[in-house]
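For reference, the structures are reproduced in the following blocks.
Both complexes below contain chain A, partnered by chain B and then by chain C.
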Partner chain A sequence: MDLFLQQIINGLTTGSIYCLVALGLTLVYGVMHLPNFAHGSLYMMGAFITLTLIKSSGLNYWLAMLASAVALAAIGIAAERLVFHPLRNAPHANNLIAAVGLLLFLEGLAHVIWGPEFWQLPTPYDRVVQFLGLTITQQRLFIVAATLVLLAGLYLFLKKTLVGASIEAMSQDRKGASLVGIKVSRVSMLTFAIATGLAAVAASLAGPINLVYPSMGHIVILKAFVIIVLGGMGSLPGAVLGGYILGLAESMGATYISMAYKDLIAFAILVLILSLRPTGLLSGGVK
Partner chain B sequence: MALFTRKNCPALALVILSLILPLVITNKYFMHVIIMGYIWAIAVYGLNIILGYTGQTALGHAGFMGIGAYTAGLLNLKLGLSFWPAMVLACLFTAFLGWLAGIVSLRTRGHYFSIFTLCVGVIIHVVITRWDDLTGGMNGLIGISGPPPAGPVSFDSLQAQYYLVLFFLLATIFVAGRVVNSLVGRTLTAIKTSEELTEVLGINTMKNKIFAFVLATFFAGLAGALYAGYIKFLGPQMCSVSMTFDMLLYLFVGGNGTIAGPLIGSLVLSTITESLQVVQEYRTVIFGPILIVLIIFFPRGLYGGYEILRDRIRRRLPAREAPEGAKEEVC
Partner chain C sequence: MLRMIDVSVNYGHFRALKKISLEVNEGEMVALLGANGAGKSTIFQTISGLIKPAGGAIEFMGKRIDGLPPDQIVRLGVSQCPEGRHLFPQMSVYKNLILGAYVRSADRKGTAETLQEIYKLFPILEEKKNDPAGSLSGGQQQMLAIGRALMSRPRLLLLDEPSLGLSPLVTKEVFRVVKEINRAGTMVLLAEQNANVALRLVGRGYVIENGEIVLEDSSRGLLSNAQVKKAYIGA
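This part shows the complex of A and B:
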């Protein structure tokens, strides 16, 4: 029973990280119809920027995370302007290839700047707490709590503010949104900034329990894709739900089925579901 | 069957050039780079058929190349089969798995298909990495034997291996060219342009897409088997997702949906990478932006750019002559 509860906590921790990454991915997909393969490398950049700020200027963990989120939002806006904006009317394969180009560039850049080494992100929350007979590191609790706060904040932003509503309007109907006077370019930039900022926070949260290295985004981005396909591409509740489900499924699978093939669970679920329902689990259909 | 028509001239010249290349190049390392470029090109021709001509962005290609390579290597090491039957079986097995993957993945469309095939590629990579008993896991397979002599011809020397790979490359280009210019090829292009419209015409798009996918994986398997027989060592790194991205790079730099593109891209990029130290160090930092710039300004790559330029010059030449001729008539 203890093992089971422990795995639930672990599942919620990884699920939280998946949630934040998948949310950014699905936001960008909803607004721009772009499967952003570079999202994982933006996540990686976020972790490295936080790490550098803490190591070199001795910045506080919180401030470093915030600065990294701002920096990544700026990088996200630049990427939208320079790479994806010129391709907004191109065939859908082209912006996917451009995203791969961005991924190669960012990863190469990380190799050049930080080298191929593995780093651990220092955290002020490295103590262990006893809770209902379980031993949990503070960082894990912090990840779960921070994600819940961010989710609530994002929800309020999208539902209660005019700017947030314009993002939702764009993802529901692009043409209709521009007809009522919503600036497509501005919303695209904003969406990118939010998505990459979330990725930076997710990476800074995960940095202390996972490691930081140039290809750290690979597996995370692939799983985020699995999540948003399952939850319906462009659906925010789908991304949140899918993130936690996948996190739990993985930690359970790793304990009770096979540790070595843990990473396969996500992809096996995806292949199975897309074989049975080619348009995804929760979506109506694709064109 | 007019072989020496004007249209075939550039192609024939290139074939002759490729045949005398080993006589000119004495540098062994450079020969190796070109052989590897050819092997990648064979795989990229496969990708070109499904992506370039049919418009289906399949992202599991390196996985299928890995299946070809590991099948050939395992048949050789575990069952003692010689290179030739192992190669044939590897191609067929890869195409069979391609068919299986095709019938499920091709029911999805657009981005769903890309993500699906990407996941298929990742699954193949993870299984090859983790199945220690069969594939040797991270240590890989060591000591695969190369092709045994066929009659009086032995394949021990680098030159002989060059010709062997060149033979299969030319065969691949020939088959790809034949398919692309056939009715099937036109159907594939129609699917790329609009799948719904093609379906409305009464064409079974699923059947044609599966054909393209199987052919694509067949070439990937062939490239994998040749890789196994040439390098004689296999590690899981060769079928990782980054390799699929490399192939995308070759295809889009050379020319997506053109018959010469895969060869140009593979050769140009691999020789540039290997010959310039700076490029080797900052490989992806340089190639990533190049890919983005090409996709924005020249979506059909170097060869597509060349075609546009050639057509523009051709159009301008008669246009300049015509008014002069018209004047003379008036006079």
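This part shows the complex of A and C:
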């Protein structure tokens, strides 16, 4: 029983990280119809920027994470302007190729700046707490709590503000949004900024329990794609649900089936759900 | 007033609009008649700034608007209710209307007033204000689309095929309100395939074929025109 509860906690931790990454991916897909393959590299950049700020300038973990989110939001806007905006009227394949190009560029850049080594992100929450007979590191609790706060914030922003509504409007009907006077390029930039900012926070949260290295985004982005296909492309509740389903399934599978097959579970679930519900669990957002 | 002067539009090598010239004067309601694919929606998209013309000029209230981005054209007072409605299906009726006032969102008081006016025009929208737009019937969605377009308080309303897919009874109701909107001082440019209904509503009309204006006359003249009768009224 203890083992089971322990795995629930672990699953919620991983699920939280997945959630934050998948939310950004699905937001960008919903608004711009762009499957951004570079999202995982942006996640990696977020981790390295936080790491650098902590190591070189001794910045506090919180401030470093915040600064990294802001930096990534700026990088996200730059990517939208320099890479995707010029291709807005080009054939769809060009966008996909550009996204892969951005992925390779960012990864190469990380190799040049930080080298190929593995790093661990230091955290002030490295102690262990005993809770209901379970042993949990503070960082894991912090990850789950921070994610819940971010989810609530994002929800309020999208549902209660006009700017948030303009993002939703554009993902539900692009032409309708233009005709009421919503500026398409402004919403695109904002969406990118939110998505990459969330990725930076996710990476900074995961950094202390996973490792930081230039190709750390690969497996994360693959799983994020599984999640948004699972949840329904463009659906935000779907991304959250899919993130936690995957996180829990992985930790359970790793414990009760086999550690070696942990990463396989994501794809087994994908095949299973898509054969039962080809449009994903909660399809919506994008028509 | 709106004025299009020799406006041409290309889709790649295909010339979709050939030197279109038309005008809508203060207080007028004008019909744009033509079959599917004649170019009516292209004219609307060009006026709204979604398509850039290859040549010619568009003026609104004496100001050149061709080349302006869509949001600025809405700000200047040209609002479009597009064919197919293009509502935000998962948002509530209320939120769709509020987004219609996006360009004047700073004017909260004015927006609230306009909202009440829209509810008065289409009481069903107030009744269903918390329902998602996608759950409404076709006629109600059309009313919502018109209501949303009016939320920006336009001086010119571009109304693209509002009767498409509606029952004759609902069409009548929608057009009654359009007439009311026009009487209150809003210019209306109405694109319709259903010439019989449209011409009973407007003062003048243009007939479009293959991206060209082939005929321009008062509605009485068009209704008695043998060609128009044959092609668009079927009598």
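Basically, the second predicted complex is superposed on the first by the 272 of 287 C-alpha atoms of A that agree within 3 Å, B and C clash if a C-alpha of one lies under 4 Å from a C-alpha of the other, contacts with A are read in each partner's own complex, and residues count from 1 in each chain.
Going forward, contacts are C-beta pairs under 8 Å (C-beta built on N, C-alpha and C of every residue); 3 or more make two chains touch, one makes a residue touch a chain.
For clarity, every value in this text was computed on a predicted model and none was experimentally measured.
J.: More residues of chain A are touched by which chain, chain B or chain C?
T.: B
J.: Could you say whether A:F105 touches chain B, chain C, both of them, or neither, answering first, second, both or neither?
T.: So A:F105 only meets chain B here.
J.: Is A:P278 in contact with chain B, with chain C, with both, or with neither (first, second, both, neither)?
T.: The first partner, chain B, only.
J.: Going by the contact rule set out at the top, does A:G181 touch chain B (first), chain C (second), both, or neither?
T.: Once the two structures are laid over each other on A, A:G181 reaches chain C alone.
J.: Looking at A:L87 after the superposition, I want to know if it touches chain B, chain C, both of them or none. Which is it: first, second, both, neither?
T.: Only chain B is touched by A:L87; chain C is not.
J.: Considering only the touch criterion stated at the top, classify A:M233 as touching first (chain B), second (chain C), both, or neither.
T.: The first partner, chain B, only.
J.: Quick check for you: in the superposed arrangement, does A:Q130 touch first (chain B), second (chain C), both or neither?
T.: Neither partner.
J.: Both chain B and chain C contact which residues of chain A?
T.: In chain A, positions 287 sit in both the chain B and chain C interfaces.
J.: Can you list the residues on chain C that touch chain A in the complex?
T.: Those in contact with chain A are residues 48, 50, 69-71, 74-75, 79-80, 82, 85-91, 95, 98-100, 102-103, 105, 148-149, 151-152.
J.: Per the contact definition, I'd like the list of chain A residues that touch chain B in the complex.
T.: By the definition above, chain A touches chain B via 29, 33, 35, 82-83, 86-87, 90-94, 96-98, 100-109, 111-112, 218, 222, 225-226, 229, 233, 260-261, 263-264, 267-268, 270-271, 274-275, 278-280, 286-287.
J.: In their complex, what parts of chain A are in touch with chain C?
T.: Within the complex, chain A contacts chain C at residues 162, 165-166, 168-169, 172-173, 175-183, 284-285, 287.
J.: If we count contacts the way the header does, which residues on chain B are in touch with chain A in the complex?
T.: For this pair, the touching residues of chain B are 51, 55, 57, 104-105, 107-112, 114-116, 118-120, 122-123, 126-127, 130, 241, 245, 248-249, 252, 281-292, 295-296, 299.
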